[in-house]
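Below you'll find a set of structures to go through.
One chain, chain A, appears in both complexes that follow, with chain B as partner in the first and chain C in the second.
Right, the complex of A and B next:
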């Protein structure tokens, strides 16, 4: 076993445990400041209106959702202290916590929940999709909210974390122009930390909410989110002790082994269970050689995904078996397998009548690791006789090409949000083929059987029925290879060991620092 | 002189208008759609969402109408609104301008002072070891990429000897005031200003040296020497002053571009300046912000060009202002 593989295993298992377990046994200490890196600088902090990664990471401390989720993705109380589901699985009743206040002192009530839902339907694309099955939302009293669904919707309890459905203060947003509301730049939430200061280009400062409803929490006095645009400079900032936390993805992957070995450094891969980032290659099913299933299968056989995991990603992550990540519900590995087999790839290409037509590959402009991966895949495909041309663009240019279907092969990675109905089906159902947009079914795969399976899976009851449907869908997709699944990515969080309990849920750093404390 | 300045201002406004119109269309020629970038970052992209974003950006309007709205705004000193950053463009630029000016003007001063000084010495001792030493020293910093010098600087001065901070404008969270704050900012400024300054220094060194050697051969220098003036007086009053004209021209061009020209230095050292703002705006296709930065940089270039022309007159009284 190579050193890199060993390191990966250590990171995945041992260090995760060592980073988290001792903290559980110790009594939390109050006070102190955490310096964390945020990259890139978020465009804004109003989570209901901006949902990119950095915004979620910072604002997950300011805003809250009704629920949060443990690493097994089971719901935990947040602003809702309890919930119940009717027997026909169409009515969900949430009891809100009493005594919760917004950072400006006004009480948080069910009216805020109703307002937030109406606002999010207009400003939050994912929330709008998630709420499509909701027939009506009512608030019989200040602390009760009742959702009535049009039909049972299996993943419904999984749509309430802070990034998916942040609560917005009705008294500050109702009747205003949301996009120019001054509170967008000084957000007011119910979360454990309050917005204090943002020096653009330098740092964002959050301070402890002294009136937080969980007594004694948060333990930390202040969080400074430091904005350091260069990946090497972020590594140096950690090495020189200027920052305590490097959230997943903050540094290039090839720097992770070096930083992990530093004194008093703890590393964990935990906290990504809800998102389960899965990397794949979009394959344009519409035109050229890739319209032939055999060529797409040849791509799967031609690529050495273990090499990518062990060398390019330094042993982090896991080779994907299909459209679902192994961390989300209804995953099965009982699907056709595509081991690295260049001979089989060549045979399939010959059978498909591939005659060396040019195939354009679009790497992802997310930094050096992705660039290297693009080169490795190109080499793999050329080794089996494919004529590959690399097209280089920045992220915006790449998105436009993919949205306009002007590509043959393109790298991507997407979140899965815990359930196939929320984060998997969107990439394979034919109703999601829409030119000009990214992250839907841009490969142009169309299979009525898959459409029906995902439609049925979302509303089927009981759970065993959903499992059966999604397992069948995975088998069909893996056989058809609409896209080439590569790796379940792992973005390790690197931190000083004095930071305890930073990651306690399946939402990780995006869930806020309310449980974190410093062992000074 | 006043009519000269007035005429230059009028010409400047016309140039500025041309820059705005040209850049307006150039930016839109680049592939990439701000609505799709934002939708992508949100991890979701349905038709309704992208349409809403286009309406929000005003991208659903015909291009000539978008241009008219923008130019009308510029005429009233309104640089527009960055919907991505949810703030007026003028405010975003004003927040970053002081840091950029501090960095680039310091670097400019370092490059100019050291460049002219080294150039003078190199010319004075042309052909000696000192001349060769200075030339090699200057060319090393000119030949090495800025990001490399920056990273090596960080490795040496921050990681190895721990003398200087590796990133930022000030020590975050220290809440320093008065002289302590000045010292703190100065410590953060040393590495980025030196990195940028040493790069430009080479040009001034080479230019000063070449120009001085050329002037040294002219007849009036021989006359001065024949009159019995000391060597230092000849070098300072006669040679250097006459040799400075091309250096001033170059400095004028550099000074104008310094505002937007420090992207790499600002990125490596996490310096919160306009270069980074522009780079981020470019990646995100934040049209209004990008145009706003371009307009600011263009105004700076025009102002510095005007100042350069005025300095010509001071350096060489034979030059007259032609209206």
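Right, the complex of A and C next:
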């Protein structure tokens, strides 16, 4: 099979899926059961306390947040039906939807919102950070919630997604020991689906919420989240029709083209805009050859990122231009460019006086794709004369080495959460250099100008000002190459074409079953 | 010596085994000279089937790397690991076995309990654990294979020494006041060598298999290409591209078979009863 045909097929499938999604070309049909793969089996389903990827994917359909986000990351109403922002950008007023009930029949009110926020501050690390700018939260009446901020915080409307701030039933959790609350095992939310049963190691079953506040929704009667530990077996389960949906990352990349070619199969890379995972290489800015900016730039020129995209990721994703993924706010591609140019890389290395010192590279132990990627990058770097040694380790060992700054080059990928203040700055500001942690500024890049830009950008108003600040920051960072940005990753969702409207928002499958329906 | 080669060459399996081994050694020694490029280099489009382009006769793998070049370079790693780790295992196992058999009593007890300690742990599991702890590299792989393969050597040598030390010529040496080390090295070991040589040839084969299995599981030296690694990396795409796994798999099969045939040939040649029968 030629690569071009394969890409064409992928594109074609992707287009059909995305063309169908926004426009309701057909009238949704009610009824039916959908089988989806969940990989790996989630450690639990209580979203307020566990935020692993698979937990978010299942529980995002049980719980709800105040807002959801379209693929452009603009807020959409969910439990909040409207919201307004004060002139000084410090007071946010949310009007809650009326007539919403929990799965056990109790009404959902502003008291639940206040309780959830207090609980999340203790159980949800990212929510705690996101809420740091909040001075107080008040509920003047049952359907109004008012947030008062310490200072204007540009990305504030971006923190209400279900995985970032799920609403928890106050009447079931207040005054109990949250960790041992029996409802952790049978979560009660406001969402379109209710938890029914969980056969450990086999499946999680959700059933339709008959009292859902949006009339007629959800269309699906039941969802079975099938737990299949082996990647090859997951592919086979799809091929044999045992499952209808393979969410992103549940099969190996090289299986994607084969599965995409199957009859009545739709593939889409959409549904990850909110997370916008960006892959890069940590470059240790502290020591050795990589302390020299020219060597870091040489790394960027030396690596054939288009090859990685086309071959290793089977054409999915996008070559990254800098610290921001193109899906998040204030992204600009008006930055210095690093095309694949081995000659230029060699020249830069020569200029920097690199003499073949040994450079260690740590691939990411997340499976075959990442291993192959590590090999390809190593070869790219060796081709321009760098002396690279691969260190192989497991995930935990890799994390430890990176956290202890005991590496030269290391693979990683991180979510960006839609706004540079939420997901980008953390990796470049010098106040985030802390030994022992993995997802902060582990490269050791320190630039007072960047520190100031990110500090200003988070609280600047209006939007045009933030845009200006973040564009400037991107230019400086791309020139300095603190890390080597590789790809904006896309994890394709593979599904039977009879599953319609599954992916309509920026968080994709995580809250997608609300609108999904089966064309029988 | 002449006699040995004569009987060795008389056994057909020994001849075939020798030819295969010579070929493998020749490839390992000189092959890389024909392929100056690193086998990790992406040279053609990925998943190119074999026999389509003369520059990459056996096709390319998932990243467009030359499968043929990988096999050539892999031969070097596989043979090196096989030979070196066997050598290390012999260096450890022979003295332990010899001392246990010669001195007997408490020395024997202590050494054999120590040996059994290693023998009770499944050897492949032990090798995996050792490589994982020591971080995968060519040194840790050789070391762990040696660690799991010396106990049979020690047991074999002990058995041989036990039976030899009661012979008259050994007792004569004791009576004439020769030192223990002289007796072990000059009188006993040379006579105990034949079964050890046969065992060693089989151990090389086992070591190649062990190295391949470790690499297959992703515990190979990440900087060196080996047959096991190629099979492991190609396994996941076997439905799209059979050639990535099949060719290195066949290489492992043939070289292990060759070493086993040599072992058989050596056995025929070195076993006095069998060779006499042939005469």
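What to note about this one:
Definition applied: the second predicted complex is superposed on the first by the 501 of 520 C-alpha atoms of A that agree within 3 Å, B and C clash if a C-alpha of one lies under 4 Å from a C-alpha of the other, contacts with A are read in each partner's own complex, and residues count from 1 in each chain.
Criterion: a residue touches a chain if its C-beta (ideal position, glycine included) is under 8 Å from a C-beta of that chain, and two chains touch if they have at least 3 such contacts.
These figures come from a predicted structure and were not determined experimentally.
Three-chain overlay on chain A, with chain B and chain C fitting side by side and no clash. With chain A used for the fit, chain A forms the apex of an angle whose arms reach the C-alpha centres of chain B and chain C; rounded to a multiple of 10, it measures 40°.
Of the two partner chains, chain B is the only one that A:230 touches; chain C does not reach it.
In the overlay built on the shared chain, the residue A:91 is in contact with neither chain B nor chain C. Once the two complexes are overlaid on the shared chain, A:260 sits clear of chain B and of chain C alike. Judged by the touch definition given at the top, the superposed model places A:434 against chain B, while chain C stays out of reach. Contact with neither chain B nor chain C is seen for A:326 once the two complexes are overlaid on the shared chain.
In the superposed model, A:393 makes contact with both chain B and chain C. Of the two partner chains, chain C is the only one that A:307 touches; chain B does not reach it. Here chain B and chain C are compared by how many residues of chain A each touches, and B touches more. Nearest C-alpha atoms belonging to chain B and chain C sit 8 Å apart in the superposition, given in whole angstrom. Overlap of the chain B and chain C interfaces on chain A comprises residues 232, 393.
Every residue of chain A that touches chain B in the complex is listed here, in rising order: 33, 35, 40-41, 43-44, 46, 49-53, 122-126, 128-129, 179-180, 184-185, 199-203, 205, 222, 224, 226-230, 232-233, 236-237, 239-240, 242, 393-397, 399-401, 403, 414-415, 434, 436-440. Those residues of chain B that touch chain A in the complex are listed here as 30-34, 36-50, 52, 56, 81, 83-87, 92, 95-96, 99, 151, 154-155, 158-159, 162, 165-170, 172-173, 267-273, 276-277, 280, 283-285. Considering their complex, residues 38, 40-42, 45-47, 62-64, 135-136, 218-219, 222-223, 233, 236-237, 239-240 of chain C touch chain A.
Only residues 1, 3, 231-232, 252, 254, 258, 307, 311-312, 363, 368, 371-372, 374-376, 378-379, 382-383, 389-393 of chain A touch chain C when the two sit together in their complex.
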